[in-house]
Every structure is written in C-alpha cells, then in structure tokens.
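Below: one structure in structure tokens.
In order of appearance the chains are A, B and C, and numbering begins at 1 in each one.
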C-alpha cells in the first residue's frame, strides 16, 4: 500500500515551477498542473527539487563504535541532509574487509530504511596496507561492493596500490585513495605553514597529499584503471588531477564541504572540533577547490561525515580524534560556497552530489535525472531560508560539527527514497 | 593593562587642577625644616636614625629632611624608600598595582630608629601596611612617623610624631601634594571643597 | 595584562615591561632576611605538570610560596595523570579545590590554551611550557637577564640589542616565546640553525634567520644556546651529533669571536659537549646560573600581576 505524492510547483534543478507525481517508487509524471486524486499533495512552492543526494564518503561507525554513530542514526542524519544513498567507509571494528562484514552493514542499512547504504570494502586486510583483502568476495556479496578504500589510511605501498587498481577491474570496481604519504605526516596535526610553526603543532605538508595523488594518477594511467581520490584538500592536488584528466587518465576526485568553507586559521583556537584529516588548509586552497569543483576537475562533493564521541573532542588538540560531522550541513555549505557564489547552478549541484557519485560508485538506482520512469529519489530543498546550526538537533549520535552557531543558508524540506518520504516538513518520517 | 598607581594623586607631570593652595613652596620648606629639627630633638641627635620615605611623594620628602639634618648635624642619615603595595589591606579591591621602588639602606634597620615619611596622613591604613612591611625587614629600636599634612579621619589607632600642618578636612575633599622633582612645583592644595563645582567623591588613600 | 599567560604574544610591550619592572623590585627580596611577601595570602596556585620538569616546577613553587600563596603540586608521576585521566577531569578536580591559578606544563601544544578557554576552569592559567609551542615565563626570565646585562634605561628595554638564538628552533618552545617577546622589547633577534631545524613559515616571524653561526655571533650582544634533545639526534634532522656540534655548537674558539660585553645564555638543561662546550658554560660570559635566580623573581611578578589584584587578572 504505497502512497503517491504529488509535488506541486517545484523548481526542478532551479527551473520553472512544475509538478512531480511520485508513484510506485518512480517518477510517474512530470509537468505543470498535474492532478492525482489518490496522491498526497506536497506544496513545494519556492522549493528546489534535486535528485536524491549520494554520498561517496560516510563513516557510520557500525560495527564497533556504536557510541559514536550507528547505521540507524547515521542514515537518519543522511536523510535529513537530503541523501538517499551513502557509501559507508570500511574503517569499522572489525574492518569491512570481508564479505561478512560488508553484508552486515548492507543489511543494517536495509533494515533502517532511511537511505540506501553501500558498504565500501577495505583494500587491504585490516587496513594494514600489507596484503589485499578479498575484494572479489566483497564484490560478489549481497552488498555488491564496487568502491574499495582504506580511508583513514593511505595505500602507500606503490606495488600494493598498483595491484589493487588492476584487480578491481575484474568487477568494474574503483579504488578510492586516502592520499597521505605516511612518512611526511608522522605526528602531523594541522596544515603545514606559517600557522603550524607558530602554534607548535606538527605540520601536515600539502606535498604529502599531492605526491600520492600524482603517483596514483601515473599508476592508474599505466595499468589503465580508474582511480578515485578522496577528500582533495590542496590547490596542488586540484592541479594534478586537472592535468591527469587532460591527459586522459580515468581519475575522479571528491572535495569535502568543510574544505570548501573552513581554513587552517581555526586551529589557532586549539579547539579540536576543527581537527580533521586531511587538515583544513589555507584560503588559497579553499579557492582552488571551489574553482576545481566549478570546472569539473573535482567531480564530487563527499561529506567525510566522521562522528566522534564528545570525550574524543573535549580534550587537548593532539589527543583528539580527526574528523567532523557533515551529512546534515553538506547541501547548505555547497549552496553557500558554490551556488550563492555563482560558481555552480542547481544542475551542477545535482551532478556533483548525485549523478557523479552514483556513477563512480556504480549505483544504478540513484543519481538519475528527475524524469518520467526514474527512481523516485528526490530531495526538496528550500534555498531561501537561513538557519543557525545547533548540534543538539542533529540526528547523529555525535555532536562534533564545526558549524555550531554558524548561520547557513537552506534547509532540506523533504527527502523521498523510491517514492517513500524519509523526511517531510524538515523532520524524519 | 596600564599599571595602576599605588597613590591616588595625579600622575607626574599632570597640570594641577585648580584648588585652594594650603601650603606653598615656602610653607613646605619651613615645615620640613621644623620637622627635621623636631626629629633631631626627639632622637637626641642623628645617630642610629634611618629615614624611609613611602613612595612616591614620601621619598623626596625623606630626602629633603635628610639634607636638612646633614646641614645641621654634618651627618648623612641613611635614607631609603619603602613600598607598601603588597601589604595594603585593599590590595584585592583593585586590579594588581605596579610595585614601587623599595630601597633599604645597606646598614639595614635592626636596632635603629626608623622615621617613616609620607606626604598625607589620612585613614592610617598606609602606615599600618608600612609597619607590616618593616616587620619583614628587621627589628628597629623604634619607629616614628613624619607627615607633611595630617588631614584627620583616622580609621586605625595611628598618629604622627611629626606633622607639617594639621589640616581639618571633610571626607569629600581631596588633598593633593605636589613636589618639584616629581611634579612641577611644591604645593599642597585642597580640592572639591563643599560648594565648589565638581566636588569629587571622597577618596581614601 | 590579560587574565592568562599562554603565549609571549599575549604581552604588549607595556605588559612585558610591567612584568620585568615588577620582577626587578621582587628580585631584591632574595637578599632580605625574610624572603616572603603577603600579597597572595589565601590564594591557591596549582602546579599541574604533565611532563617532568623539576627546574620549572621548583621555580614556580618558590615564586608562589614567597608571595604567601598556598601551593599544590600535581605531577604526572604517581598520580592519576599517568593513568590516562583526561586533562578535562584533572581541570575539574582543580576547580573543585578552588585553584586561583593553574601553572600547567603539558606535552601537547595548546593544552594550556584549551584549559583556559574550554570553560573547564575559572582560574588564571599560566603556560609553563606546552609541547613545541611556547614557554613564556622562560622568555620573560631570559629578557629579564638580558636587560640586567644589556638594558638601556628602564628595566625591560632591549632596543637595538642583537640576540642570536641558536639550535633546534623547530622543536623549541623557548625559541618561539623568546622570538616573540624579545622582538616586542625592541631586540633584533636572529635564529641560527640548520635549515632542517627552522620551522616552516619562520620568514613571517619578527626575526632574522641564518644558517651560519660564525657570521652571526661576532655582532651579537647575547648568544642563547638551545638544547638539542637526544631524540632529535636520530631523527635525521642532521647527519651526526659531531657534525652538528662542529657547525652549531658554541665552543672556546667561537667564544673568542664574541664582543667583550656579549653574554652566553642557555635555558637548561645543557648537553655539555653538544651545543655548548664545558669551558663556555663555565666561563665569565655565562649567565646560566643567574637565569635560575631570575626565574623565581619573574614568576613571582607574573603570579602577582595575575592574582594580586581584584579579580584573578581581570579581563581586559
């Protein structure tokens, strides 16, 4: 007994107001003046409709750190942020490096029902960077894993990286690299620069990221594989990816919302709420990331939503965990930094936050234009309001948002997953 | 934070605000000469005397008394300064104050007759603090007090042994001592007398 | 003064001169029969040392006691600190004890800053050395020592004086604080180190830098040698201790190139034979022992100015 929804006067990708009829899990009709007696009407005047967002980079923490986040709470946060699909990173306890663990995460996502959960498989056993995990078994499992990453750690061994890039070709997988040269970042705490020197915090040089990205682009080119670069954070990285793409390398890249808006200056507070991996960079890097996202060098905005319990952030900087929440604020940050700045239109947002991540993750049911017959994965977004971020209102079990008290534009009004609302009137259904 | 002066007087070099002159330079000179003689008389000479001025304006007063004693007795009385800031009972009532200079003559104060010298005697609290400070420095045979002006309103059982001028005042008035060397001229003025415009609230030293 | 002393950058020139002038008055206390002042009677100062540093702790302890404060020492060894009790829980304990000031030494850069600004405690926080960040009271005592030997006019002014700070600047909290404070007081500071031991971005500091010790020291009015920590020797920052010593150590031959009035300083503890030779450390130019004496006076001045008045410090 599925209810139909008639979304009235909505601006699809920012276009002229029209109506959408969502029925039987698909977009049944599109056009002005639609009527359907059996459908529940959603007045979407002033709202923008986007295809359901797809996150390539989410930490749901389950299994292992259910005190920080669960699949249930993390996918609730995702739905509230307008996401209909998330890729759950492999650095859980135990690590998602076997078919058993990825199937467990996949099943938990299905049971929660707030958005689709696509587990990411670890590249190496236990994220140890020593030998390949059973990538094929994960690909063949019920979870149908296509994205593999040791995220949190870099696959720094060049031979291992080459083998992984080659091996996943068998099932059209992709290796998503966390680019961080480990020796150059021993004990690193924040972006290396004038500020790290002054604050006495061990620097994290841009070259530690760029050197790995450059190497991996060359490796991917050499073996003819596709490569995805996680959380690009420096101007140099953007340039390397841009040049590799120009040469025809099959490389894609993502940027995180926080790297589009926050800078390393925040480390001067020594408040570890701003401690993240890769670290917040300079204003020039932020500008380069925005430009790269605008011109398509960077394909995707991915949240790197990384929940941590209070005690892991309520301490001195060096002792704190890396990471920040992102799912519920991502679209607002993109509006603020890209749309309102005139760098990206709503069609561009759909490309960067839905089509492209679905394409990279080989997720068939997501990331499709809102046309008749497409899966009814839709987010209705009100770009005209402003809100102040209150961590206490987050659906996440954690509170480590760096945007506490910040005023951000926009609000997700409704999210539909295959025609079923997961969020209505800004609240979970 | 600017250092807060330990004394309520105007900072050095400030233009004196108009007020009624109670003692002019010649009055002050005469008073100091008389005090010097009284000290010698009471002490039966200059032997074992130590003069300690309480900064800031007690210090030049002590030096002037020492000069007068030297010209009479031909003997240089050991003279120094004693900052009482850390011994004040109102230390916690204001932001931390800059310390003023303490300089105890090399001979020390044990067994000597210390004459404390200050410009104005008012509540007596500064002298109480000075007695505590002396206590940490040694054991004088006797401690005397010389002041240029005694304006009354004592809050402690303290009295001066040598007084330049007794000056009955009301609590709302302010007595200001200026001394050449720190200020432009030698003068004692009284400010904010009842009936004059802009009478300031009484301030305790 | 601000309510806390976390960085030498917290001190304006007026603030720094006030501390040094106050220290100058307090230093004479060492020559008096009763080495005690009543200014901090009833105040509680906690020495919270997450890292071992007997010298600094004793210096702060003596300073607080000479001002009649109650002193509680809380150090890592033999306490819950070594068992993983968090900085926050420790801070809450101290708050419950009624600490008016917390003197904190911590291995993590910014830990005192966190203590001061996280809302865990209401007391004044004094940074007694944090990670590779700062050690502002060490810089104050160095400035005090410098101004006693090289000062022009009032205490604290180092206008135009040339100070060379030599050694592992990268990991040195002493160098960071000194670079900031001495520049504030008008000195011309030159940091001398191999390129691997100078921090990234040092060109934006208010100092000169050089890789050549021999070129710098003949013009210096003071030479401050930094300790080279053992763990750095194998860290690949320089090839061998011997090569380091040859290029950046202060020995008798180099000392002979100094001007007559030039003094030699070291924040201690020294590695004799490494960054400084024994004959230099023990020479007439060395003010290393005096630095210790001055440390107590400077720390008294800091504690007095933070705690002596109405509020602990009192926000500007």
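Throughout what follows, a residue touches a chain if its C-beta (ideal position, glycine included) is under 8 Å from a C-beta of that chain, and two chains touch if they have at least 3 such contacts.
A quick map from chain label to UniProt name: A = Dihydroorotase; B = Bifunctional protein PyrR; C = Aspartate carbamoyltransferase.
Quick caveat: nothing in here was measured; it's all calculated off a predicted structure.
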item: Per Cα centroids, the chain farthest from chain B; value: A
item: Chain closest to the assembly centre - both centres taken as Cα means; value: C
item: Top-ranked pair of chains - ranking by C-beta pairs in contact; value: A-C
item: Whole-Å separation of chain centres (CA-atom averages), chain A against chain B; value: 75
item: Intercentroid distance (Cα basis), chain C paired with chain A, Å; value: 46
item: Chain B-chain C separation of Cα centroids, rounded to whole Å; value: 39
item: Partner chain B, residues of chain C touching it in the complex; value: 1, 14-15, 18, 21-22, 25-26, 28, 32-34, 36-39, 67, 304-311, 313-314, 316
item: Residues of chain C defined as touching chain A within the complex; value: 86-88, 106-111, 113-114, 117-118, 130-134, 173, 176, 199-202, 204-205
item: Residue ranges of chain B touching chain C (in the complex, touch as defined); value: 1-3, 83, 85-87, 91-102, 104, 132, 136-138
item: Complex contact set, residues of chain A against chain C; value: 189, 192-203, 205, 269-271, 311, 314-319
